[in-house]
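These are the structures, in structure tokens.
Two complexes are shown next, each including subunit A; its partner changes from subunit B in the first to subunit C in the second.
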Partner chain A sequence: MSVKVRFFARFRELLGTDIIVDKGPEAGMADLVREIARQNEEGYKAVFDEQGRFHEFVIVMRNGKRVLISDVEKIILTDGDEIAVFPPVAGG
Partner chain B sequence: MITIQTEDVDIGALITSAKKSGTGAVVVFDGIVRDDDITEMELEAYEDVAVRELEEIAAMAKEQFSLLHVDIIHRIGRLSPGENILVIVVSAGHRPEAYAGSRYIIEEIKKGVPIWKKELTKEGGRWVPGEHGHGSGRSH
Partner chain C sequence: MLSERELERYKRQILLFGEDGQERLKKSHIFIAGAGGLGSPVSIYLAVAGVGTITIVDRDVVELTNLNRQVLHYDQDIGKKKTESAGEKLRIINPDITVNAIEADIGEKNVSSLVGSADGIVDAMDNFDTRYLLNRVAQAKRIPFFHGAISGLYGQATTILPGTTPCLACIFPKAPPKEVFPVIGVTPGFIGMIQATEVVKYLLGRGELLAGRLLIWDGMYARAEEIKTERNPDCDVCGHGT
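Presenting the complex of A and B:
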């Protein structure tokens, strides 16, 4: 199973983007993001709090649709999923 | 035209094309890189999602405010002070709808469309904080 993880803005600078991950079945969405974020301490702290929960302000999307953190923890990924993680937006 | 692009846009041409039959007012919003002692501004978007959300905002604005025409052009890449960031052109039969529709569009963009700005200075850079804390950790 192949999944793409995209970070944007400050998160992209710290963690990279367009990360293709090959996982076995039953991979959880939140655990995958934690696994990638752990590769950079500052990046991990930017996305997660000390208890390993997403910061309240972090926005997570699955295939272009926003998901609540409570759902992120339950979602099992499927092949071809695109996960996006980013800070509050500031367009306009 | 609803688009995210690096190039600037001809606002005069947009105004001309916005004058559909029945138009009584055209309102232009032009968001500009402010000269806040920065050298440049860098803009980044989650493009596929941002364009789709801009299209949804435009459709909603047309319906709610009886707009005859909507253009939204949001630029990305590196821009200098004084350059256009965001151009919104709307037309309507009367000015109240045109003003209200234009205002609705810019406020909806600020609320949630995945676009970010980084102010670049001689000392480095800083990401502009968003005005709305609509994170996934909050109930909507």
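Presenting the complex of A and C:
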């Protein structure tokens, strides 16, 4: 099955965007994002903590719907899924 | 009642929403938390639109490093309190409105009295601690909270309506890490305009607000995205138990 991962802002600078990946069935969403992020150390650290979990402030969407960080590890991907990963910002 | 001068000043926007609309702006009081990157463009445009009373609060002094983006302040203001500089400029920009420029460090003890009976709060802050505080006050006073935040060429904005939309804590249960954020003026200029537009629409009762929608702007690619936001029924600030 084919899924697309989009990163935004700083995450996009480090990891790129519109990444299309072919995965077998039962692929986990969090695992996929970790796999992609590992390609850039700084990018990985921006999204994940030392235990490999999403930083709690990261916004994750699946097909336009927010996925709470507490639920992120439970999501199993389906064909055509689009995952979006955003960093909220704080400046002003 | 609008004076002859006001009818003339706002003539071109009265074409959009009538004298009634302008009266609504004139009777309104908006609280702007921060006179920096976001606070500058928001306050300027709400002032020229004729929002009758603007209260702007900041605790800082103008520094040279502010001047790449904080367009209310000039070289001659370096060393001056931001609120003094902001008050001066806004009164020149529109002498027909009331500007309260208050030097204060917004905190638990003073936030409610600072906001007073304002009709809405504009988030022009640079940290989430104060944003969360303003969010709670907006909930308590049942007034809108116009959130905005930026970094680099990227920004976000949403309009929080207590009792209706998710609050800031629903949308951002955890704050992003504190950082000395990179910024160029065009970004808070852009996000500030989104916030100011939201304020104007809210006060006029027109159009569709960013209610339940988080607008994400990536200036580097000139792309806007929208994230639907949802209330968290267990939210500490606005959830069932509150």
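Criterion: the second predicted complex is superposed on the first by the 88 of 92 C-alpha atoms of A that agree within 3 Å, B and C clash if a C-alpha of one lies under 4 Å from a C-alpha of the other, contacts with A are read in each partner's own complex, and residues count from 1 in each chain.
Everything that follows uses one rule, which is that contacts are C-beta pairs under 8 Å (C-beta built on N, C-alpha and C of every residue); 3 or more make two chains touch, one makes a residue touch a chain.
Computed from a predicted model, the values in this text were never measured in an experiment.
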First (subunit B), second (subunit C), both or neither touched by A:F8: both
First, second, both or neither for A:I59, with subunit B first and subunit C second: both
Touching partner for A:I76 - first (subunit B), second (subunit C), both, neither: neither
First, second, both or neither for A:G92, with subunit B first and subunit C second: both
Per-residue contact with subunit A, leading partner among subunit C and subunit B: B
Set of subunit A residues, in rising order, touched by both subunit B and subunit C: 8-10, 12, 55-57, 59, 61, 64, 66, 69, 84, 86-92
Complex contact set, residues of subunit C against subunit A: 34, 36-39, 123-128, 131, 148-152, 154-156, 172-179, 181, 183, 188, 216, 218, 225, 227-230
Subunit A - residues contacting subunit B, complex: 6, 8-10, 12, 53-61, 64, 66-69, 72, 84, 86-92
For the subunit B and subunit A complex, residues of the former touching the latter: 31, 43-46, 48-50, 52, 74, 85-86, 106, 109-118, 127-140
List of subunit A residues in touch with subunit C within their complex: 8-10, 12, 55-57, 59, 61, 64-66, 69, 84, 86-92
